[in-house]
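Look for subunit A in each of the two complexes below; its partner is subunit B in the first and subunit C in the second.
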Partner chain A sequence: MAIVVGVGMVPFGRHPDKTVADLGTGAVLAALADAGLPWRAIEVMHCGAAGAGLTPGTRIGAQLGLTGIPITNIDNASASGSSAFRLACRDVDSGSVDIALAVGVGKFGRTLRLDGGVGAPEPGTAEYRERQIGAMQGPLPPAGLFAMRTRRRMYEFGSNLDQFAQVAVKNRKHAMLNPYAQMREPMTLEDVRNARVVADPLTVPHCCPVGDGGAAAIVVSERKARELGIAPAIRVIASAFRTPTLAGVMNAQDADTTVATVQAAYEQAGLGPRDIDLVQVHDAFTVEEIEYCESMGFCERGSGEAAVERGELSIGGRIPFSTDGGLLSRGHPLGPTGLAQVHETVLQLRGAAGQRQVEGARTGLVHMVGIGGVCLVHILQRE
Partner chain B sequence: MSVEPAAKPMVEGIFTPAGSDGLAHLLCSRCACGAVAFPARERCAACSGTDLVVEEVPNEGTIYSWTTSPGRTVRVVAQVQFANGLMAQGHVTAEPAAVRIGQRVRTVAVPVDYADDGTPLLSYAFEPVEEAA
Partner chain C sequence: MAIVVGVGMVPFGRHPDKTVADLGTGAVLAALADAGLPWRAIEVMHCGAAGAGLTPGTRIGAQLGLTGIPITNIDNASASGSSAFRLACRDVDSGSVDIALAVGVGKFGRTLRLDGGVGAPEPGTAEYRERQIGAMQGPLPPAGLFAMRTRRRMYEFGSNLDQFAQVAVKNRKHAMLNPYAQMREPMTLEDVRNARVVADPLTVPHCCPVGDGGAAAIVVSERKARELGIAPAIRVIASAFRTPTLAGVMNAQDADTTVATVQAAYEQAGLGPRDIDLVQVHDAFTVEEIEYCESMGFCERGSGEAAVERGELSIGGRIPFSTDGGLLSRGHPLGPTGLAQVHETVLQLRGAAGQRQVEGARTGLVHMVGIGGVCLVHILQRE
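Here is the complex of A and B:
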């Protein structure tokens, strides 16, 4: 199994002075320093980025030194970094290399149209027709779909908006302890209530911020870990990846895909929810942490709101979620986010997470969802 | 002298302003395997089959959930469930205060734009058939 020997990040936030490649290079250098390995030891690299231009990984490689290694660029929306991590682990597991690197980068304002074009599509084109159909269906920002999911849950389970706001407040408290987090100002329930409405009923703090950043992780084979004297090893004991089926209705597709992906990961690891000590989740919107907490088997459907209110998902609680602040407050520059989750999990499993340390953390689960229905789950365990 | 051109859907094949019963209907595909989809598909998502026909979605449905779209004019956007199993998203012709989950709505044609030759272009929307309260 792949063993994580190095993680690194460029803090999430605004970096107008750095290009996408600069952000990636910074993260890779931090991961190399953490692993005690030189760039020239890396045998293969996978780069996750969403709408960051052509071949960002190749540009990062060129900055670090032209070693001739294979570099693959992956765009899987928010799950791009997680996809890069999965491929790096598989390269090591296949035996084809001993040392693989995954990097993720993202920079606000670089996102193209979903169909790949720039600006407004030309009349008469297939893209123009698609956009007109979208206009008829009521175009919404991503927050719109999650606003509808929130409202539906409030209807089905009698929950109230403050319970969802508690996710944002909790994750902000976690982020205030994380120097890599983007949003570290104190935030109260009142602040969430009184913020501007993005998509009724969601206000700004119910939605993750945009930003810039980079994150990287280095994985090695068992053989190489022994050679390097890595102990205790942090192993990637599960890597699961699913896209949607028709099983779920439109409103619950991500939650249903999460159920399938997490189940596959538990089976690979031979574990269940009771064996997990902490979770990094795709909390791009507050409702998601509550939904996926249920999808992962940590509480019954309809009880996620109460679990958050009781502090069960806080550091010190029954199953801490988003210990680094989550997408909501650590930030979400798309490409690097899944690798920031790996970064946080590795620090926690090493017992090196400082004030936000989860006591006795041995097994961590990381979960990402990408727009269009991509879901990845990894489970990391310290020996 | 000018004759106003007849209104037509902004994009053909998405809905019909006046279907078999004279009412507006969304158009969905139905596969030989039974799966329905909106907008209509050429290849079935359930079985990958290509034996699909286009049919009218029931005129009336029920609001599953709703939100508002951004912009200077607040507009309600809803997911609407139909008796044939479909869920479709579209604008609602009512203020947020007059919309609720579970409300019955009907499909209507609404003018939204003009073509270069002056032809009014229509979209579909959902209109409450009962009060929200």
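Here is the complex of A and C:
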């Protein structure tokens, strides 16, 4: 199994003076320093980035030094960094290399723009018709979809909006303890209530910000970990990847894909929700953390709101979620987000998370969803 | 080793009424029909596309049916399809799945636009300065670079421009025999001479067109091939991937990366240039086919021009290059190009390439280069 020996980040936020390549290079240098390895030790690199321009990985590699290694660029939307991490782990697991690097980058400033290079489709073109069909089939943009999912839970379980707002307040509290987080101003329930409405009933703090940042992780084989004298080892004991099934799409529930992916990860690791000490989740919208908390088996369907209210998902609670602030407050520059989750989990499993340390954390789960429904779950465990 | 059991293409050209997802779906359906496998048999999918919008692979998967499989989108510029093919082969080689799909798509019409979603950088931004530094370090766009490389060979080896033009004429002759090719009008040396100049001394036919298209390949494990009764098997006996080293960049020679990558592929396969029966190469510009022919060990440095003139790189010649017309005439919609090369090679190794069949072809080499310098080489062999 792949062993994580180094993690690094460029704090998420606004970096107008840095290019995408600068952000990636900064994250890789931090991960190398953390691992105590030189750049030339890296045998393969996977770069996750969404809408970050042409082959950002090779631009990062060029800044670090041209060593001739394979560099693959992955664009799996929000799950790009997680996909890069999975490929790095597989390269090590398959025995093809001993040291692999995953890096994620994103630079969006204050506005998400993801036209992917072909530009906005012009009326009359095939792409234009495709988007119109998409608009008929489901609500876009995402805030609209998650507003409907929030409303659905309010109807189905009698939840109130403040319960969802508690997710934003909790994750902000966590972010205030995290120097890598983008949103660290204090925020009360009142602040969430009174903020501008994005998609009724969701106000701004119910939705994650985009931004700029980089994150990286270095994984090595068991053999190399022994050679480097890594102890205790933090192993990637599960890597699961699923896309939606027809049933999931008919339910308009990304959560169904999460159920399948988490189940596969639990099976790979040979454990269940009781064995997990902390979770990093795709909380792009407050309702998601509540839904996924249930999908992962941490509480019964319909009881996620109460679990948040009782503080069970807070640091110090039964199963801390989004200990670094989550997408909602640590930030979400797409490409690096999944690797920021790995960064946080590794710090926690090392007992090096400072004021936001989860006591005795040994096993952490990271979960990402990307548009189009890709879902990745990794489980990391300290030996 | 991975065994290729199915290949499919949507002919390269103009498909204004098809979306990127339509092109990919068409290619996958053709590959499934070729393999005699249903879509639900596919266990993992890798989609290569450059600047094709958000997560084209998941859009293709949604058209084909939501089966829940992992779908990874790779953007390695011109080498995106080749990178997807490599990942599919590795998934099979590592034993994680028995049946893997690689698909490549691209839709550019007549104009390449690859701003990758972040838009043209505005003056004063970090990205703008990065591009300016890039412009100082090396000539862009690519036609300018390859015009200089052509001039360099004319200076160094006394080549004349007609020798380079012969590559375009030869590849057009091959394309005229290929129903999947984009450019099939007859073309003479005179036509190449008299065409519009793109970057002196290169006229239009010295440069490949972009366009629209899709290509796909299905690979299976040895175990699955036996179960399916595949015979004779076409194996992927080498998969090599390199990026530039500092020495290569100082020489401004992509060819140096090709030397390293081809050498690694020969070592993996345990063979050399004498064992290769045909080659598909990254002939985006005429000079490239000549350079790479030398880099691959098929002729001495400085003798590529003469080899082309003597017909050695033609179908029927000593070592046929670009038997499907190459990037120059089969076309180059970026994402699918590497998989179109696999498609052509598989048809040739099956003896099913019709009028363009290379007699007795048993071992074929495919080679792609992507901007930023990634280079991939695969060797396919019929048992």
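Basically, the second predicted complex is superposed on the first by the 356 of 383 C-alpha atoms of A that agree within 3 Å, B and C clash if a C-alpha of one lies under 4 Å from a C-alpha of the other, contacts with A are read in each partner's own complex, and residues count from 1 in each chain.
The criterion applied here is as follows: a contact is a pair of C-beta atoms (placed from the backbone, for glycine too) under 8 Å apart; a residue touches a chain by one contact, two chains touch by 3 or more.
No experiment lies behind these values; they were computed from the predicted model shown.
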| item | value |
| --- | --- |
| First, second, both or neither for A:V198, with subunit B first and subunit C second | first |
| Partner chain in contact with A:L246 - subunit B first, subunit C second, else both or neither | both |
| Which of subunit B and subunit C A:A52 touches, first, second, both or neither | second |
| Subunit A: partner with more touched residues, subunit B or subunit C | C |
| Contacts of A:Y155 with subunit B and subunit C, given as first, second, both or neither | first |
| Partner chain in contact with A:A231 - subunit B first, subunit C second, else both or neither | neither |
| Shared subunit A surface residues [contacts with subunit B and with subunit C] | 246, 249 |
| Subunit C residues touching subunit A - in the complex, by the definition given at the top | 16-22, 50-55, 58-59, 61-62, 65-77, 83, 87, 90, 93-94, 96, 107, 113-119, 125-127, 130, 241-246, 248-249, 257, 260, 370-374 |
| Residue ranges of subunit A touching subunit B (in the complex, touch as defined) | 129, 132-133, 135-141, 144, 147-149, 151-152, 155, 197-202, 246, 249-251 |
| Residue numbers on subunit B that touch subunit A, as the complex places them | 10-11, 14-15, 35, 39, 45-46, 64-70, 74-75, 77-79, 87-91, 96, 101-102, 112, 123-124 |
